[in-house]
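Down below are the structures I want you to see.
You will see two complexes here that share chain A, one where it goes with chain B and one where it goes with chain C.
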Partner chain A sequence: MMTGRICATFVVPFGCSVVSLSNKRVLGRSFIKNRSLCLKRQDPRMSKMEFDEEEVKKICQLAQVQVSKEELKQFASDFNSIVQLIKKMDRLDLSGTEAAEYVIEAHNKLREDIPKNFQERDALFDNAPAFTQGFYQVPKILEDTQHSEN
Partner chain B sequence: MRIGFLQVVFTSPCCKVIPYYVTNKQRIVLCRQAKEKLYPRKHKYLHCSCAPSTTRTKEDVLKHYEAVIGIEVHVQLATKSKTFCACPTSFGAKPNTNVCPICLGFPGTLPLLNQEVVQLATRAAVALNCEIALKTKMDRKNYFYPDTPKNYQISQNDRPLGKKGYITLPSGRNIRIHRVHMEEDSGKMLHQGASSLTGSTHTFIDYNRAGIPLIEIVSEPDITSPSEAAEYGEELRRIMRYIGVSDCNMEEGTMRLDVNISLRRRGEKQLGTKVELKNINSFHFVSRAVDFEIIRQGTLLLQGQKPIQETRLWNEKSQSTMTMRVKEVASDYRYFPEPDIPPIQLEQHQVDAIRRSMEELPAEKRKRYVEELGLSLYDANNIANELSIAKLFEATVRRGVAPKLVVNWIMSDIMKYLNQRRIDISETKLNSENLAELISLIENKTISGRIAKDILPILMEKGSSVKSIVEERGLQQLTDKDKLEQLIKDTIVSYPKEVEMYKSGKTKLLGFFVGQVMKSTGGKADPVLTNQLVKELLSNGL
Partner chain C sequence: MFWRSSCAFFSCPTCRPTWRRNWKRPKRTTRTRILSQHTVHISTVIKRQLADVDNSSVLAIAENFKRGEWKAVDIVMEYLQRIHEMDKVLSAFLSVDAERALYKAQLLDEKWDKGEHLGPLAAVPVAIKDNLCTKGMVTTAGSKMLETFVPAYDATSVARLEAAGAIILGKTNMDEFGMGSSTELSGFHPSKNPWDPSRVCGGSSGGSAGAVSSGMAPFALGSDTGGSIRQPASFCGISGLKPTYGRVSRFGLIAFSSSLDTVGPMACSVAELATIFQILAGRDPMDPTSWSEAAPYSDILHRKGALDLKDVKLGVVDIFSSSLEENQVNDVMRCFLDSIRVFTKLNAQVVSISLPYLEEALAAYYVIAPSEASSNLARFDGVRFGSRQEASHISELYQKSRGLGMGAEVKRRMITGTFALSSGYYDAYYRKALRVRQCIIGQFEDLFRQVDVILCPTTPCAAFELGERMGGDPVKMYREDVLTIPPSLAGLPALSIPMGFDANQLPLGLQLIGNRQGEDLLFRVGHAFQMATDWHRQRPPIYRQYVQSSVTKSSS
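Take a look at the complex of A and B:
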């Protein structure tokens, strides 16, 4: 589970989208991003993805995952081996295909605007560490470094 | 808060930030400079580089620099349920009653997009003259903060619903719109304690607001002055209300504004340091806050310093902005396409249908009123302000009443009645039919203007035709010359002293006699005729 979680968080910062290996014929009118993403993948700067401990530390901060110094080294090498795995795709000739954001054909799955009250709310609040006077109670956070309230 | 740790929290009403320490007894100890600043021994005002003596005036600043302003507006869409779940969006509900596992971010839940959100957002983007992205998608914006239960917000990043639009302000200027996109709102945090900076260590969170649909409208930095900034906000609000996308009520939080302002030397193309202003909750404060910022940033620039790139909060009490947060690095939100929401594909004919069926927008109405109906710009602005009033005006004019007369009635008596009771015209029984009737009856002298003003509230409350009210209550104007002359003679005879005073030169008493005649007829006498006859009779002698 841990590796899976790390996988999701590290793949994203580098702008990789879900790449479809099947060619256009099978997907039909799938959602096609413009060609620039394909070019981005083959950009020499992108393929030089070597993780050092600083970057791993930053990624773990973004994911709010605590790591010890020994784990940092281990993760750096793990990340690098995962990147190597994905780099194998660069060996394929994908010039005929276009990058897709969504693999399945579905679109416009919308629901009607009908309000409905959820009844078993108390069961939800029972899960909270602190819930008083109808409010969720949390420790005060002075100022989040990344984001603050609207 | 760690013990002994240096926290940087207090701010003075300028850009200086004052440090304080936390002791092991959780008491807050101010360092010497901070103490001196917060509790000064002699001086009433805090010393800072923006002290009144060194502040430059706005004219000084504007001689050399020009303001470059952009505004970001969050508008809450008028849907009945939330964006991704069926929770109601009703305002004022008890805390945490409009919540469910989906908007609370419980594991295993999946969002499902509300179709009304797409409809209203598309309508808004079309009204703002944007290029609509027929293929659009939702993206995940990842960050950790207590008001965001899922630890991400489903928003739109690289393919917003609308791009490159514009709006036309009443002054005639066009402000370009950079983008319009859909997103969900976060929960409401209520800090417990003295203020939001210090005090107790708890925060209460109400998730009723989490998941409510919003559109974010980002303008290009085309706005150039404080009044234009307020005008932009008002016009945006007007448009959103016209098309029924939102009621844009700043007090209820259905419309929120953030202003980005920087100054640059006149004639230069490069932009200066951008400062973001938050917590502005009325259009009046928008222009005040921008005014303040122009002076503050201008003073710094004229002294050879550069403003810091930061976020500042508008403080209503001190009518000034204060540092909230200094961001050195842009946040890394790790945007990626939201996997749980399939992309949205609109057809061109759907967008065209929306454009065709849309209400005429305020800018078009104003233009039409001025050019075709000959209203003044001032009148056109006022009539086109609310759609319900504009509709009443147009319908009444269509029945053949002169536009200027309708304008006069609307802007004086009708607006007064509505404002006193804080209601909308649609909540009254006044419609174009009886308004047109009322005005035409004044024109053909069946009733006097004075009587008409009394009839108006009856029309508002009960409706019905004006003719029937006039007949019921016998309110017809008295225009019979002979009858009137007799009445005037009777009145004049009963005030011999005043007649003497009038004859000896006090011509102002004419008004007294006319008033007495009106009183005796219950206001039904024709005022113009009465005036004329009284003058004649008095001067010809009785």
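Take a look at the complex of A and C:
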């Protein structure tokens, strides 16, 4: 699951500081605050099949995606029909079946510990919306107790 | 006449050369000098020759270039002209880089003059789906979130094609981040089907399929997660391959669902797919999920007796008992039964099998894919790349950038995935979906003990109209993938080839599913079918009109 944000395919070797919030932390804080979601989580079998706009809004907050009021209405009904679809999995008898965690039998491949430099480092920073003196500029991160619930 | 057409060409917004940051302009040649080297006579001759179906295949172009009959610049100019004429109707391309293509073509011409070694795809133009990173070319994955993103490296599959001598024409349209089955869900504009521009071209590799089908590119690269190569190939009447998971490197592919994504070629015939596949496949140290002990690919297409399928057992899916919707077009049944008769004539043994868990596989896919997508798309936060909105706080930055940069379908899938992975629901949904997946894998293992290749239609219907599945229930769109999802879940290779037309003259596709690493047998069976039929040689009306008008223009 999400444990932190990592760069798509490259780790920038040195020199720039990436400040990003782990989603898990936001997840944790949101769960503590929202008791109704906690109750549902304790017994998912008793959870109702219908999800209303409030619950969909909470999931949007977990996913850190802002939705407008019109979109929220549409998403609530779409989400319900998607849940109807995915409930069809219950028709199968899965006793004795393991979860397919890996599609291929892959093992960690080791290589020689020879450092390489990525030559196009500056091109990576060209894509940044706001970048100065080796740092990605972002707005305020701390003092966020009021803001993270909006 | 040539100058007039070239001026119009360069003032066309689709094909006007784009300027890229940090790209060093070659000092030696300018645009005008490249154009001035060619005469009206040569461009007309190559136009007529390329109009012929046999001459415009990947192999024929490479062959003609190596023999010296055509210059690479002429080939590229002709394809750029086709894009200029046809893309205003079809909108298959998101960006076309004419200057880069012509520059590479000129380099190849110089290499040919000096007698240097040329790759197997030398001078063959290619269209790349926009979720594959191309160094120096804007790569958007069909989303406004990445509208200005320019990668600093090439995807491995792109790098391998470039090393083989292929010339990238441009990036094709796709559903946003690969989520969709019609290319209407692109963040920019929908792409139209070359066979009927009022219909969709399928998705998510719809732009690539449209480009190949209409002749705007001899072949294209696409990506397949749940049918995204096979379904548009079926809708547009071309051949598309989804390789075994791990056989082609995923490095540089903007990830949608990491355990399901594959990169594959799309072309007009299976023989071309086989050539391209040999270049793309192989271990890549940059992709930890690429097969390390890949079975050596044997070029069995040209072996003696390859077209006689007497040692091949084909499993035909009994679609009457499978859980498809009742209003399945009879045309699909008719074409499918005709295809089975063709295989019987080729001496293949045909056995009836059933795939009983289609609905459950669909359900599992629509838990696993959105879950993995919700994780993979967490990187698009507006901090290091992508579009960013003004915000006073970091959470607001994430929420606003993602909310405004991503489309409705992407948000729907992220909501589904976040829900399925959230604490308390993880076992009930995601873990259960993984067990269903294991069930499907086991089912296919049992089937492949009895048969060599499985046959079924690629899609339950032909291309639907633009806007038909939009709005209302999203599950209507999801059901398009019901036949393509099971092999994706099991990581098996699958090939879609044209098998006929429906009552509205729209193409239908036949899907061949092979065992793990069994692409060579798939190519053999598909090639044998295409030698016995000519569905793959049909071209859409828009292409025939282009050929007609360009030939009359040149002779006037």
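The working rule: the second predicted complex is superposed on the first by the 88 of 150 C-alpha atoms of A that agree within 3 Å, B and C clash if a C-alpha of one lies under 4 Å from a C-alpha of the other, contacts with A are read in each partner's own complex, and residues count from 1 in each chain.
Definition applied: contacts are C-beta pairs under 8 Å (C-beta built on N, C-alpha and C of every residue); 3 or more make two chains touch, one makes a residue touch a chain.
Small disclaimer: the values here were computed from a predicted structure and weren't measured.
Set against each other, chain B and chain C touch different numbers of residues in chain A, with C touching more.
Of the two partner chains, chain B and chain C are each touched by A:E101. When the shared chain is aligned, chain B comes close enough to touch A:I114, but chain C does not.
Once the two complexes are laid over each other on the shared chain, residue contacts for A:L85 go to chain C alone; chain B is not touched. Once chain A of one complex is fitted onto chain A of the other, the partner contacts of A:V138 extend to both chain B and chain C.
Once chain A of one complex is fitted onto chain A of the other, the partner contacts of A:L124 extend to both chain B and chain C. By the touch criterion defined above, A:L62 reaches both chain B and chain C.
Under the contact criterion defined above, the residues of chain A that touch both chain B in one complex and chain C in the other are 9, 18, 31, 62, 64, 101, 104, 106-109, 111, 124, 136, 138-141, 144, 147-148, 150.
Considering their complex, residues 21-22, 135, 148-150, 152-153, 245-246, 251-252, 254-255, 259, 285-286, 288-289, 291-292, 357, 359-360, 362-364, 366-367, 374-375, 378-379, 381-388, 391-400, 402-404, 406, 408, 411-412, 414-429, 431-439, 441-442, 473-475, 478, 490-491 of chain C touch chain A.
On the side of chain B, the complex with chain A involves touching residues 1, 7, 9, 74, 79-81, 86-89, 94-101, 104, 106, 112-118, 135, 137, 142-147, 185-186, 189-191, 193, 197, 200-207, 256, 311, 324-325, 331-332, 334-337, 339, 341-345.
The touching residues of chain A, when paired with chain B in their complex, are 9, 12-13, 17-18, 31, 62, 64, 101-102, 104, 106-118, 121, 124-125, 132-144, 146-150. For chain A in complex with chain C, the touching residues are 1-2, 5-10, 18-21, 23, 26-27, 31, 40-42, 44-45, 56, 59-68, 71, 74-75, 78-79, 81-82, 84-92, 94, 97-101, 103-104, 106-109, 111, 120, 122-124, 126-130, 136, 138-141, 144, 147-148, 150.
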